[in-house]
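Structures are listed in the sections that come next.
The same chain A turns up in both complexes below, where it pairs with chain B and then with chain C.
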Partner chain A sequence: MKRYWRNREARGNLILTLLMVLLSAVFVLPLFWTAVFATHTLQEVFQFPPPLWFGDQIAVNYSRIEAVFPPFRPILNSLIVVLPKTIGLVLVSALAGYGLARYVGRPGHKFLLAMTFATLFFPPSLALIPFFLQMSWLGWLNTFWPLIVPAMASGFGVIWMYTYIGSAIPHELYEAAEMDNSGPLATFVFVVLPIIRPGLAALGVWTVISTWNDFQLPLVVLGDGTKFTVPLALTMLSRTHFSDTPAVMLATLIGLVPVFILFALLSRQFIAGLTSGAVK
Partner chain B sequence: MRHRTNLMKGSGPLWLTMAPFLIIFVAFSLFPVLFSAWLGVHAWDGFSTPRFVGFDNYATALADPVFRKAVWNTIHVWFWSTLITCGLALVLAVLINEYAVFGRTYFRMVFLLPLLVAPAIAAIILRVLFSANGGLVNLMIGEITGTPTFFSWFDSEIWIKPLVVLLVIWRWTGWHMIIFLAGLQAIPRDIYEAARLEGVSRWSVFSRITLPLLAPALAFSIITATLGGLQMFDEPFVLTQGIGGTNHSATTLGMYLYATAFTQFDFGLGAAVSWYIFAAVVAMTLLYRRLSAGLGAAR
Partner chain C sequence: MSSITLNALHKSYGALDVIRDVNLQVDEGEFCIFVGPSGCGKSTLLRMIAGLETITSGEVRIGGDVVNDVAPADRGIAMVFQSYALYPHMTVAQNMSFGLRRTGHSRQETAARVAEAAGILQLGALMDRKPAHLSGGQRQRVAIGRAIVRQPRAFLFDEPLSNLDAELRAQMRVELGQLHKRLGATMIYVTHDQVEAMTLGDKIVVLRDGKVEQVGSPDQLYTDPDNTFVAGFIGSPRMNLIDLHDGTLSGHEIAAPPNARIIGIRPEQFGQGRGLEATVMVVENLGGISILHCALSDGQAILVEARGEDRPTQGARIGLTLPARPLFFDEAGNRLREAGA
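Moving on to the complex of A and B:
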């Protein structure tokens, strides 16, 4: 009886799996077409049926965007923002998360933990306008500073590190460190940091990708086109060259490559970073 | 003095480790938020002397038909995108977890790919595919109907919101799916085995076992989608090239806020709008907490 049920189930499961393969193809198609269109001429892109495989026009298309949109400038700008912000955010979050995980029950602990949780519900749009005014007073408009320094304090990062360190490091370890007369900061640097490397990587990848994709804040603080990060520069290009589909698609592709390489290398950490938020 | 040393031993290290976070947070998040409360009750363009106006900004926003339209648009886009994204992600997660014959790792990766694409860049790709002149969608419709089509999707008041929703679904389904998969994997397998031996139908297994045990993941998922949805900016901004569509048909609250502050330089009105958004976020979170607590109690 059980066996019969299983067999019918197997057939149904195969059909469901194939349907999912089909749906996954629909999800990938826009990206695939971006890559395909980037390698064809304008005429080829506008015909029906559309090209379904890569062409040989990539160099020609590149020569057209190179003059108006040197793609490596925005990529460099994005890196200037992403790298220091990510290193800072990960270290600041790890240190604060370590404090919250280690000093449970100390005066002020409850308040600090509750406050950090509360920051998660402060929508960034609430601070957008006053932040812009603050940056103009500091003389930071049209520089990369507003995108780097303020973003290092992330309630999400602290909570994520607090949860991670709480589960990865037993309290006995802190007691042992105390016996050795190791201070709070020395313990953090020499004991905690080496153990939580996977957690640092996960938060780091997530931060790199979300920062790479940021649009609104760079739009508000960066006025000068030469300072534009990748999404801003591409948005500009797509407006000025809207009729040159292959060029727009090629530039888009170039802007996507760094993130996709990172994902290919660190997808496991990235997924670990996503699910950590759900575990409270 | 003795009291002081005790205090240092008590919470000194805690504050020390929290210090970098707290300093940056107070300077660049707490201060702007408090400043925003002040801005909300003043009329100010950033140059002239600020003038105290009480709650005029809040009233001005409510009286503005564009603001009301933005509220409606935001609710519309948030509702449909959250419903479809979370629903589709839930179905996919259950299918992958319990029914997929092969390709579990493949599915996890592939549905996540669109999330790597910046909303602004995804909007560019969508603009190309739905372009009026020679866009793939129009070409396809032209081929099927036999008459060349030059329909202008992004100028259409009817189609612009579904396109924004489509963009959100494309980018976010994989993320929600991963969250649900993590939740599903935390459910012990023997519960399913027991139900199967008892001859419980698949639907009952899903609705009586899977769904209630998945409630925390669902809550997290929907709250996150709501926080993002109520502040949506990038997608409609790039899809409509910053203008919000014909007759503001895709102006969201986030775009309205941006326009008041950075094209009209009415910082007070913008701040008031941001507090409305904050109120909506808080209200939705509390409502959802209450609903899910109620569901938990009923179970």
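Moving on to the complex of A and C:
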């Protein structure tokens, strides 16, 4: 141990690992506590010191949520929004990013790129009232369409795919495909899409998580409680049962499960997508 | 296989001319090399033939047909890129068959052509591998295989060996020469390496600043260059281009044409004996020969090739005899030929 401690590199690694563990604890502990609170009664939660390990009240807590706000409806609503939006956003972003990355120098390229960038500089809240009016004019209020269709055109998504494709695909590959009689769309489908899969996965995971947690837009658009997504339902629950901490914690936990499953399935691709530019 | 003809070909980007009035005939089955320094326009010229660059004026004919406005895939040519440009997510077999599948060839014909090309290039054992699991030489062979399966009217190569190490490059050079003989194909090959140009080409086109400086066989360019640029570019080590002063070479009287300003002598053309005096500054021993970096008495630097066992050493003063028929150039660098030559 003494020898190990004398090794500068090993010492550095040990300190770094400890720091990482501490940092992880900062993020994991609230989640752990949410899970612990979800399994206790209200009295136990407010005791001092508070419970630090799981209890046995989960079924009782769940029955109270079930009575007020059955959690599977909001989860289904969230899935109805998240899945088509994510697929659409990823495809639209990839196609637009491909156009911008491939046709550099063509007329209008700089203008389109600048316009796409410009959309990132405006806070979305600024457009909330015009957006509401537009959706009202389309007759889409209190439906899922406003949360799905306009969101497919994402400035962030397009810039993400533009930079990803630009760094992952050399220009000669397009020319090779052109010599192979592959048109622009066929090249996108058969050459570009398979190569940029990690980038698509990363954008997909990011979209799922941010959409799953989105609160403001659903709040403005959805009036009917049966259409509420998970964050709206949780707010509703905490408003009506604001003092029932265990029930709110349990509902929060249930709302997180689908995102956890998705992240577990796609985490490898997600990390590959985030780091691919860095290691090339 | 088809011939390729370039008539008054011109390419400019705004005010910048990159290809200037190029006229060239590449005959059926010929191995033609475009050679020149970086930025001379050789790759641009190749890409214009391929259809990957637009043509500002002039025409490209393949097999007699003007193809200026024909899409690259419809010109019936295949191109091998410098970076190989293999599809990284496809296996070797898929890479080779992609073009055929896109042009609607049947499964059976595609498989037969891929198998034939794989046989020619000895790729049989690698067909299920992806490019990331191939060596540089194997990738290059796959890129060539992808071109072969299309049974093109002509092959275009854009510096295909420049990413390989010296040993592999020499090996692939031999293989490419053999492949050309086997296929009897029209090939245009771009390189900045004059060794590749000399060893592979039936015909060499030397380019500078977008213009053709000279077209000829390797022997022709080596022994009979039109100007100092070609004389200096072709041959390694390069030809000595030595300034003449009042018809003398470093004080040594020579029989030169009256308007000769430069004399061209290849390092291997010097003999040892009484004549021009030089001091050996540096000796590069290459084994079979040594390259002597010498200084003439007027300070001009020359290269001299020495063979045999008794080679001069650094600091030695040596006497050099001149070849019987050296090359002479005027002030502008153009070759002065004897009448009737």
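As a convention for this text, the second predicted complex is superposed on the first by the 237 of 280 C-alpha atoms of A that agree within 3 Å, B and C clash if a C-alpha of one lies under 4 Å from a C-alpha of the other, contacts with A are read in each partner's own complex, and residues count from 1 in each chain.
In this section, contacts are C-beta pairs under 8 Å (C-beta built on N, C-alpha and C of every residue); 3 or more make two chains touch, one makes a residue touch a chain.
None of the values given here were measured: they were computed from a predicted structure.
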First, second, both or neither for A:Asn181, with chain B first and chain C second: second
First, second, both or neither for A:Leu173, with chain B first and chain C second: second
Partner chain(s) touched by A:Leu16 [first = chain B, second = chain C, both, neither]: first
Which of chain B and chain C A:Ile148 touches, first, second, both or neither: neither
Partner with the higher number of touched chain A residues, chain C or chain B: B
Contacts of A:Pro194 with chain B and chain C, given as first, second, both or neither: second
Which of chain B and chain C A:Val82 touches, first, second, both or neither: neither
Intersection of chain A interface sets (partners chain B, chain C): none
Residues of chain A touching chain C in the complex: 170, 172-173, 175-182, 186, 190-191, 194-195
Residues of chain B defined as touching chain A within the complex: 7, 10-11, 13-18, 20-25, 27-29, 31-33, 35-36, 39, 46, 92, 95-96, 99-103, 106-122, 124-129, 131, 133-134, 136, 139-140, 142-143, 170, 173-175, 178-179, 182-183, 216-217, 220-221, 224, 227, 230-231, 233-234, 237-238, 241, 254, 257-258, 261-262, 267, 270-271, 274-275, 277-278, 281-282, 285
Complex interface listing, chain A residues touching chain B: 10, 12-14, 16-17, 20-21, 23-24, 27-28, 30-31, 33-34, 37, 45-50, 92-93, 95-96, 98-100, 102-103, 106-109, 112, 116, 119, 121-134, 136, 149-150, 152-153, 155, 158, 184-185, 188, 209, 212-216, 220, 230-232, 234-235, 238-239, 242-243, 245, 248-249, 252, 255-256, 259-260, 263, 267, 270-271, 274-275, 277-280
Contact set on chain C toward chain A in their complex: 50, 52, 71-74, 77-79, 81-83, 85-89, 98-99, 102-103, 146
